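Below are structures written as structure tokens.
Here chain A shows up in two complexes: once beside chain B, once beside chain C.
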Partner chain A sequence: MPVGSVILAFVLGAVIVAVTGGNPFAAYSGLLCGGTGLGCQGGENPALQISTTIVYVIPLITTGVAVALPFRAGLFNIGAEGQMIAGMMACTAIGVRFSSLPAPVLLPMVLVGGMAAGALWAGVAGVLKATVGAHEVVTTIMLNYVAQWLLRYLIIGGPLQVAPGTSKSLPIGAGARLATILPADNSLIIFGLPASVYRVHTGLLLALAAAALFAFLLWRTSLGYEIRAVGQSQRAARYAGVSVARTIIVTMLIAGAFSGFAGAIQIAGVDHNLSDVYFTDTTGFDAIAVALLGLGSAVGIVLAAILFGALHAGGAVMQADAGISGSLVFVLQALILFSIAANFVGQIRRLIPGLGRPAALPPELPPAAPLMTEAADPPPEPA
Partner chain B sequence: MAHKRLKFLGVVAAVLMVAIACGGGGGGGGNAKQYKIGLVTDIGGLNDKSFNHLAFVGLEKAKADFGIKDDVIESHNGSEYVPNLTNFASKSYDLVIGVGFLMQEAVGTVSGQFPTVHFAIIDGAGTDANFNDLKHSNVQSLYFKEQDAGAMVGAMAGWMEKNGKSKMNHHVISAVGGISIPPVNHYIAGYKWAAKMEDPSIQVLVGYSNDFTDPAKCKGVAQSQINSRSDILFQVAGGCGLGVLQAAGQAGVYSIGVDADQKDADPSVIASALKKVDVATYTSIQNVVKGTFSGGALTFSIANAGAGYAVDNFTVPADLKTELDKIEKQIHDGTLTPPADIPA
Partner chain C sequence: MTALGDVLHLLFTANLWQATLAAAVLLLLPALGGVISERSGVVNIAMEGMMLTGAFFGVVADLAWHNVWLATGVAILAGGLMGTIHAVVSIQFRADQIVSGIAINIFAGGLTVFLVNRIYGLQDVGHVGQSELLPYINIPVLDQIPFFGKVLFQQNVVVYAALVLLVLTHVVLFRTRLGLRIRAVGEHPQAADTAGINVFMLRYGAVITSGLLSGLAGAFLAIGVSNTFVPGMTDGRGYIALAAMIFGKWTPFGAFIACLIFGLGEAIYANNSIIHISPYLLSMLPYLITLIVLAGLVGRSTPPAADGLPYVPGSE
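Moving on to the complex of A and B:
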């Protein structure tokens, strides 16, 4: 189903480009070049394009996991963005405050600090859901705003602002930074460009580890079994002796930790300080699409994150080389998501007999709409 | 699980195949030296009716005049500044233009990595993380003498107060600044100086909102100025300043826009003080094409047609028009020099 959705989105996107007077072949050629470094005609450096794509992929993997895990428990976590920003704020605060500590001490501190802050952020929604039944969609969306405005306060007039009239924090200490995979050196030439332009950093390994941990947690631990049990049927889970309230809270805490981890990795690996850049960030929302497209599996999330990261990086090249607005990327992303949510491909198959069997829904994960209604049921009393 | 993985490999493979199959078109090469100019917008995008739009206008004019190859990338969020600038720089463009001070640090980083590529940045410099100008010799800063533009609208406001053409004629006008930083204070300095020159009895109130984005904050400052009998309000606070224009409209007094022509923002806008980003962009491209590019600051003023004013929802009396033309010519010739610091 995801394959069909992606293809359908690209076909519709091509129609949109053609109708608006552009050349869809040129558009997708630019997109492919920007995302993967293949088939570049504008003189792009393939290694640079791959590096840029990976930089975008890293936070998408970790936040994608943070959406997928609650999904398995029947919870819709729309708050990955806010949880990620919470992780960024904690990471920066610790990294600036203890900037003189050596890396073996400081780096774990900022990463764990970011995870703790993200867990706290999502935990609020989890506790509210488990105790008073506040819908997690509403609470996590609202907590996004709280995080964004707290960030705004911290760096404009607040304690982390570097100087009046600015909108950024001091940089974190050298010991709090994740190394880039290639040395950050302007004079060293690698693949024809200064090595410092390749911003891909060791956070990639952490993000892949997070995805692996997610899969292990879900399929190889009793907690993972409980999470899936609650997601399939809260009544059955309760009958089997699972504490639904506890599972909801723990799920949200872990999900928030993944998001916070994404934020900490982003600060430690790319930005090194908080800035107005994250007033307009959408990573945590793209993560919802990544989790959906990835069908909630670790491998799927990594692949979907690569697709979305490549689209993100490709949009700029498409605009530069083909003159087609990079906003087309958002149209494609929306079409993919829309197509999955509405199960267009399945409908088309059903309508046209002889086109093969109707699309079977993936066995582990019910489609989004029933998931939402199930999650909307009032929670049980805590055991 | 296994079949899912296969499906995903299928997605990737399908996407790659479609795109590779489509990769054949395009191409085309140059014969004579065709200059390649890349423009990177800030998050406002090309249709911001302000700096980004004007930079694009300048780019298009340069394309018509010099036959350059011009390409644009719109930044959708701040994390794209570095990759977008790097995209053009890595392709050895002759000039990469960044719009706005939000891109200062990104321009500083990328210009250090590509010392043979020329960069220009509107209203900023290539800086490090602590806002220190790195003074890279391949970066041209395009600054504006805001006091020239401020003086023109200040002269207009002062003349109207003196000759009883404003709404209440209390000889009180005002300015709302965003944050007390040099570009804002330059505007206000020219405004106050020229208004006093026209009408020595005038009182010029100056307030700051400490914000550039929230219209409500500027509206509050504007309302207190209106309560203090100001009847021409000059906004120098970007998006926040839209609140000034609205407050003036609601109170039935006049307002003056800033940076770009803001006549559509509110009917109360009688004029706008302009930074001609299109002229600056065009000039910077011209320098590269003519081989006269040099690093450091390039300042745009009335003298080089890089600053000025626009008359908006208002019909200027002939006497005022004569007076404004006279002052503009005197500033142009250097017989009048608006101050950079706000006069007492």
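Moving on to the complex of A and C:
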């Protein structure tokens, strides 16, 4: 079903391009080249395109996990963006303040600091949900904006601003940086380009580890069992002796830590400083599509992250080669979301008789609707 | 102490309250839309995208036809179209309403930039002429009242319209049969259905209305307050409207009070050079205040009982 949703979205996207006088084939060939390095016609280096895609994929995996885990507990975390930015801010603050420390000390510090900040950000939503029943969708939206404005404050006129008139921070110390996978060496030529231009970094391994940890946590630990129990039915979980309030808070803390980790990795591996690039960042929202499309499984999340990473990397090439605005990628992403959420493909199959068995039930994700019924009243704790 | 004195002085200027009301109206229209939609049981976090779409198509129409009223109509319809998409996806197809709302917002952000590029190429969208903006109208006689004349009766036409819509929304929701039905559908759709109320039609109407209102807010923003379209120009206002709706406990006047508070903050910032607080920290305030409200420090804020639940006929 997810594959069908993606195909349907691409068909609708092609219609939109064609209706507005563009050439959908040129647009999609640009996307394909930019995302995968295949069929490039503008002299792009395929290896470089793949490297760029992977750089996009890394935070999408980690934030995708941060959305998928609360999903299992029946919680809708749309605050991965704010949590990620919190992680970026903490990572930068620590990496700048203690820039002289050696890597074995500083690198863990910035990564853990980022995770802690993300956990704090999501923890606010978790505590409010568990204690007064404030809906996490609303609180995480508000927290996203708090993080966005705090970021602006910090690097425009605030304590992390590098110099008046700029909108960026000082770079983090060398010891706080994640190594690139290829050596940063200008004399070493790989696939026709100096090795230093490939930005793909060791954060990839950390992101994959995060996905594996997510699967382990969910399916191999008692906490994972409790998370799934709460997601299935809060009432049943309570009868089974699960503390619903505690599970909600812990789930959000872990989710926030994943997002914060994504932010710290992004600064430590790619940017090395905060900048206005992240004022319009959408990674944490893309993560929602990643989690939904990946059906909440670790492998699915990685695959979905690759798709959206490739789309984002492809957008730039599509704009340069085909003259189609890279924002078509967001249109496609929205169409994929609509398509998954409404199960359009299933509905279409049902309408056409003789097209095999009737469509199965929607994906195995816990539907978000039931969680809203219990949203109004906070889960009471047995004394 | 002088800074405090200056702020107090500012609070007694008509200019400040005039700006406060205008800023509040920009939030009030989508907030009213949110109230109507959620009262009928459909969660709506898509006001941001509906407003942005309205802003874009308002500017496009105004630049093409040089008629602000026609352009405003187009903006309202564009918002309504987004509302219709949200309605079809979340009512007809029973999709998760939050996912649909997020998708609308992403869709609006992407589509407007995509279309700017298709229509205007790499150039700017262009500016709407002064005579083709939504006009400011002084109400004769009343505008001469000291202080209040300036605040209430020297405003943009949309401000008057919004105040009328505010009262209208309140009256319809709480004083008419239609309003009772909308609320019944939002609280207990099964019971409403049993009583012969058309749940689907009412929800469709409510969600599309929220789009129309947000579209009008988009027009006010792009061809009233401003005179051009800038990508992402709604800048979170749809979400602040969402916050105002919650703050106001899903009532029109409650939401209006919240909008006034948020609008006052915006106006103080725009009208003063006294307070040396980072504008970015000030911008955080509406969101922080809403979090505090949600924390229950200012009383509980409870959504309609069936808010967010797709209605399946015949279900328990």
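Keep this in mind: the second predicted complex is superposed on the first by the 362 of 383 C-alpha atoms of A that agree within 3 Å, B and C clash if a C-alpha of one lies under 4 Å from a C-alpha of the other, contacts with A are read in each partner's own complex, and residues count from 1 in each chain.
Operating definition for what follows: a residue touches a chain if its C-beta (ideal position, glycine included) is under 8 Å from a C-beta of that chain, and two chains touch if they have at least 3 such contacts.
Small disclaimer: the values here were computed from a predicted structure and weren't measured.
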Contacts of A:I54 with chain B and chain C, given as first, second, both or neither: neither
Touched partner set for A:R199, first chain B, second chain C, both or neither: first
Touched partner set for A:G157, first chain B, second chain C, both or neither: both
Partner chain(s) touched by A:L295 [first = chain B, second = chain C, both, neither]: first
First, second, both or neither for A:T280, with chain B first and chain C second: both
Touching partner for A:I78 - first (chain B), second (chain C), both, neither: second
Touching partner for A:A119 - first (chain B), second (chain C), both, neither: neither
First (chain B), second (chain C), both or neither touched by A:L143: second
First, second, both or neither for A:G42, with chain B first and chain C second: first
Shared chain A contacts, counted only where both chain B and chain C touch the same residue: 157, 280, 282, 325, 327, 330
Contact footprint of chain A on chain B as seen in their complex: 1, 4-5, 7-12, 14-16, 18-20, 22-27, 38, 43, 71-74, 76-84, 86-88, 90-92, 102, 110, 112-114, 129-131, 179-181, 210
In the complex with chain C, residue positions of chain A that touch it: 16, 20-22, 76, 78, 124, 128, 132, 134-135, 137-139, 141-143, 145-146, 149-150, 152-153, 156-158, 280, 282, 285, 288, 292, 324-325, 327-335, 337-338, 340-344, 347, 367-369, 372-373, 375-376
Contact set on chain A toward chain B in their complex: 1-3, 6-7, 10, 23-26, 28-29, 31-32, 36, 38-39, 41-45, 48, 52, 55, 157, 162-166, 168, 171, 186, 193-194, 196-197, 199, 270-273, 275-282, 294-295, 297, 299-300, 303-304, 306-307, 313, 315-317, 319-323, 325-327, 330, 362
Of chain C, residues touching chain A in the complex: 43, 45, 85, 89, 93-96, 98-100, 102-104, 106-107, 109-111, 113-118, 232, 236, 239, 242-243, 246, 278, 280-281, 283-284, 287-288, 290-291, 294-296, 300, 302-303, 305, 307-310
